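Per-chain residue numbering starts at 1, and chain names A, B, C and D are given in the order in which the chains are listed.
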Amino acid sequence: MMNTIGKILTLTTFGESHGPAMGGVLDGMPAGVDIDMDALQRFVDRRRTGQTAGSSSRAEQDRVEVLSGIWQGKTLGTPIGFIVRNTDARSADYEEIARCYRPNHADFTWQAKYGIRDPRGGGRASARETVARVIAGGIAIQALERLGITVEARIVQVGPHFGVAAEEHERLIAEVAKDGDTLGGIIECVVRGVPAGLGEPLFGKLHAQLAAAMMSIPSVHGFEYGDGFDMATRRGSEVMDELELREDGTIGTVTNHSGGIQGGISNGEDIAMRIAFKPVPTLMRPLPAIDCDGNPVTLQPRGRHDACVLPRALPIVEAMAALVILDNHLIKKTNVL
Amino acid sequence: MMNTIGKILTLTTFGESHGPAMGGVLDGMPAGVDIDMDALQRFVDRRRTGQTAGSSSRAEQDRVEVLSGIWQGKTLGTPIGFIVRNTDARSADYEEIARCYRPNHADFTWQAKYGIRDPRGGGRASARETVARVIAGGIAIQALERLGITVEARIVQVGPHFGVAAEEHERLIAEVAKDGDTLGGIIECVVRGVPAGLGEPLFGKLHAQLAAAMMSIPSVHGFEYGDGFDMATRRGSEVMDELELREDGTIGTVTNHSGGIQGGISNGEDIAMRIAFKPVPTLMRPLPAIDCDGNPVTLQPRGRHDACVLPRALPIVEAMAALVILDNHLIKKTNVL
Amino acid sequence: MMNTIGKILTLTTFGESHGPAMGGVLDGMPAGVDIDMDALQRFVDRRRTGQTAGSSSRAEQDRVEVLSGIWQGKTLGTPIGFIVRNTDARSADYEEIARCYRPNHADFTWQAKYGIRDPRGGGRASARETVARVIAGGIAIQALERLGITVEARIVQVGPHFGVAAEEHERLIAEVAKDGDTLGGIIECVVRGVPAGLGEPLFGKLHAQLAAAMMSIPSVHGFEYGDGFDMATRRGSEVMDELELREDGTIGTVTNHSGGIQGGISNGEDIAMRIAFKPVPTLMRPLPAIDCDGNPVTLQPRGRHDACVLPRALPIVEAMAALVILDNHLIKKTNVL
Amino acid sequence: MMNTIGKILTLTTFGESHGPAMGGVLDGMPAGVDIDMDALQRFVDRRRTGQTAGSSSRAEQDRVEVLSGIWQGKTLGTPIGFIVRNTDARSADYEEIARCYRPNHADFTWQAKYGIRDPRGGGRASARETVARVIAGGIAIQALERLGITVEARIVQVGPHFGVAAEEHERLIAEVAKDGDTLGGIIECVVRGVPAGLGEPLFGKLHAQLAAAMMSIPSVHGFEYGDGFDMATRRGSEVMDELELREDGTIGTVTNHSGGIQGGISNGEDIAMRIAFKPVPTLMRPLPAIDCDGNPVTLQPRGRHDACVLPRALPIVEAMAALVILDNHLIKKTNVL
């Protein structure tokens, strides 16, 4: 199940960047859930290219085509199959690349693994694959909303700039793009409204599932939840989230260093995590690569690429978070006879 | 499969801290692999308590009892079942805790999830569960050695102290323990000798699997590989791992910002990752807790606990890394007809 | 993973009978395997309707549209996504049925499970779903051929008629169809060329996997392999498959009561199994049903249905057998380090 | 997951016949279920040897040792690890067999698969493995009882004798045992009280899961449910289970040719299935075998073996049925949001 994620709610995706279509199957969605297809399309549109300066000029429409599992606006409990067509694929851009391995790309490693690869647009290694995640995640988000759970991602760092106002992001990225260079950054994602008791305490710790989901997004190099790496620098007495009885009769914590998870299980507080993205590896300047025989070559990038993935990654992060949380909501149901 | 990790090579663990035994089943181990039982016991001994200042005084022998799957020193291809007995369980220490929820512990969340819990020594939430991982991982390490792959973890940060010499770790921990306090820290793990081509490019990216495995270790709050979070602060031109043809005819990279993985697949370089541990939540000083009705209570910890988990976590980290790498070695075999 | 079958080679299907399309994702196919798309289409055409007397007059073209995973005639190692459009869906036929439960149909049980169902053409309970299996299985068959393994299914019983010549099948079915009635029957499937050593000895016994695969085909009520149920009536001394050394140096059995499998693992002989199909439940005569409130109603079937599923089931049986055998061929590779 | 069965409720078993112990891990059991350990031991005792004429004289005590997951008589929601020791292993009996392949045994196929095998008592291929299934199934049966679901297996055929009174079974088996021969037979299993709506409609059809579970029991060669193979000989009009509204307001069927399952989902009627067992392959007379080089040899069986497995197989069949039904009960909970 190499292209599948989840336990009860599972997403399987398929598609190469310049093949006929990208798609997926979301299985295990409960039956009878209202799905607003317009809202879903709007959510998917958030990751589309060509929307801001510094983002790829490839102009896919990404019109979601649901093929099964939703009927008369409701989920049927059957697998939700969906596709988006690849309409703007200029494969000619990639003929040179087919014979080369670019630095910080998956060219060499895919060749080592499979002995064959579709070089057009990165093939399946392209971040275009994430469109299927966003579709599935968008459906999950609508289900979570009915449970009072919301997911929100925001950019908290762009390259070396921490805590910069959202209006500044585009300008900072555009500046670097002008040099033909690219930027990494950090996204923070907060899930609100998760009741206490979600997550599996052992290998399936809620944060382990979230980590796997986020680390599976292209370009991600780090994951932390709660105080994360900073927690490692502290004494136990400094990060103690004391428990209290609240006025509404529920038990909560006074602080939230733990990021809403204790022992791998949600405690009812906001679940907070941060995801580190490396800079886009395709620069808009000559790239030092090697050909299949190991000879150095210089590539003139001609494809269309983002200078920073973060703006488009926001709905991807939200999608992955939603899939994990909804899956664990369903698993939780099986804890009692 | 909540207590299981892996795809082909799977580990399922069981056991509560103060129950009769901890144990596990390692399934999918190839047949005919020589296993040195003495070396395995020595590896398991590395995570034992009572060995250094600041570590728990609970004195388990942790004698590995292999019940199946290894015969005459060789694996049979059948599941390897194993247990270690819990011999030094002083359950009386935990009667008070049974009626309370401690801060930064899993007491409240387990109760929310299951409606019942074994409070003795943390029950299954105890880090004692990791002994099963170390046994299974120790077997995997022996198999990897036959493939020329080695795994090595070391402490790179103890609380606020970065890059401190190994001899200093014990002293720093002991110092904090004297205050009844605890420390977090960071472990770095390097896997050497992994050939290019291991890992699944999509949801099962090698670093996503490693992240899930590491984040499933108790107390872990963060994971990064290669340059990790630092990568997020850089421009693409600064972290480019240029490819080169080496004298031995293999293709490698000049630098290794990427930590040995590109597009989720190993590239033949060292796989490097860092894992952040929070400070141990059980302080040796009065703990502010609440009882089941939400009333504040002060607990006098009487169990036996480490002041810092890092020294004992080293073999756990190595074990989890080994399980993931060996699993992916096996998966790789199925990529060709 | 409710709509998924397989361990390494996995097939996930989706689609409702009268939705936009049926489809599937075949994941885990090894890379670099030549796929003949015309041969695949011909294989899929074998299960099409409207080809013989007594078969449904629904005239789907079932043109296979592969969306990913195959490029320039070769598998990429990536998931193979595919669809066939539902072009001839006359949903109006099913309005009455939406409010009723028909005998020996899945109407009532789906309602009990999901609380909602797509009644058009049986929705996902329609045998039309099997088109996705045939596509995936057709790909697996091509891979098996490269390994020297062939799969062949044939009708050995039509209703009460055993061992009837193939030319007679159509006539026997047409005869019953004239009465508005339907027939069951038995298909035998033989897999030749399977080397010794395939299958998992415990829960994944090769025949257990084959049984699950075959029993998952709509209308199947029984499965046996080798001498099957007849084996139960015998003494041990009567069904002993003695081993012998053959002239080519291989070890084989003199007889094959065991159907090519011992202890759940193939022994190199032909794998033989028989699958029992119930008669089609939709008669072309008034059907005694009940409505949602439990009131008896009489339905005049107006959809298009086969009088006997066996002719069209042949490629489905072959497809399921091929998927199981190829999956186990891949699993076998992981038995050695 | 080769030694694991189930989706939410999973059983993993381990152990070789003459190794230190047999055991298993039952994961996914809901929390808070009362378990009567004495009743469990009694259930396990039903498959013990040495109880009737014609059964193996190996005298294992099979004392169930639960190592985790049950505390103070209740399940914790954590994995239930358990073992039984192998106390009466006379390995010396098997030295000769280590160098030979017996007919209708797994000797040759295991060697072909793994290149190594533990020949003592059949190693893991021994039916002794089923003790772990009976323990896990016994726990599942207790949980099902709380849901009003019961499982009952009985022998309906012993060799050629159909419908013989239970008192006669022992005599018929003893008679054949006197000749040093063995007998096959058929067990019928009925599950009562299953509500409508259990089972997955596609690959996980309830009867497909039951088939896989039953076919995984050693010696089973056939499975059918409802009217089974007989269904194949009929016209649709003859096997129609008409629906009716019952006095208690529920919907049921007048007849039950379908065996309680429609479209892979339970319909509320009794679930009835039949399982065909081959005769025990180890005769108590000289066995024609071959050695590893292919030379014919004659073996004098000296181990301890049943002349007919059916009496001891009854609790095994019940155990497997219970595991499948309880698993599907849990899965059903996830069908709604």
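Throughout what follows, a residue touches a chain if its C-beta (ideal position, glycine included) is under 8 Å from a C-beta of that chain, and two chains touch if they have at least 3 such contacts.
Here the structure is a predicted model, which means the values were calculated and not measured.
Looking at A-C and A-D, the interface holding more C-beta pairs in contact is that of A-C.
Among the other chains, the CA centroid farthest from that of chain C is the one of B. We define each chain's centre as the mean of its Cα atoms; on that basis chain C and chain D are separated by 26 Å. Between the Cα centres of chain A and chain C there is a gap of 37 Å. Work out the mean CA point of chain A and of chain D, and you get 44 Å between them.
Along chain B, residues 1-4, 13, 28, 31-32, 77-78, 113-115, 124, 201, 331, 335-336 each make contact with two or more other chains. In the complex of the two chains, the chain C residues touching chain B come out as 8, 28, 30-33, 77-78, 143, 146-147, 201, 330-331, 333-337. Contact residues on chain D toward chain C in their complex (touch as defined above): 1-5, 7, 13, 101, 103-106, 108-110, 112-115, 124-125, 129, 157, 159-160, 176, 181-186, 195-205, 207-209, 211-213, 215-216, 218, 221-229, 231-245, 251, 253, 257-259, 261-268, 276-283, 285, 288-290, 293-296, 331-332, 335-336.
Those residues of chain B that touch chain D in the complex are listed here as 1-4, 10, 12-16, 19-23, 25, 27-28, 31-32, 65-69, 71, 74, 76-81, 83, 113-118, 123-124.
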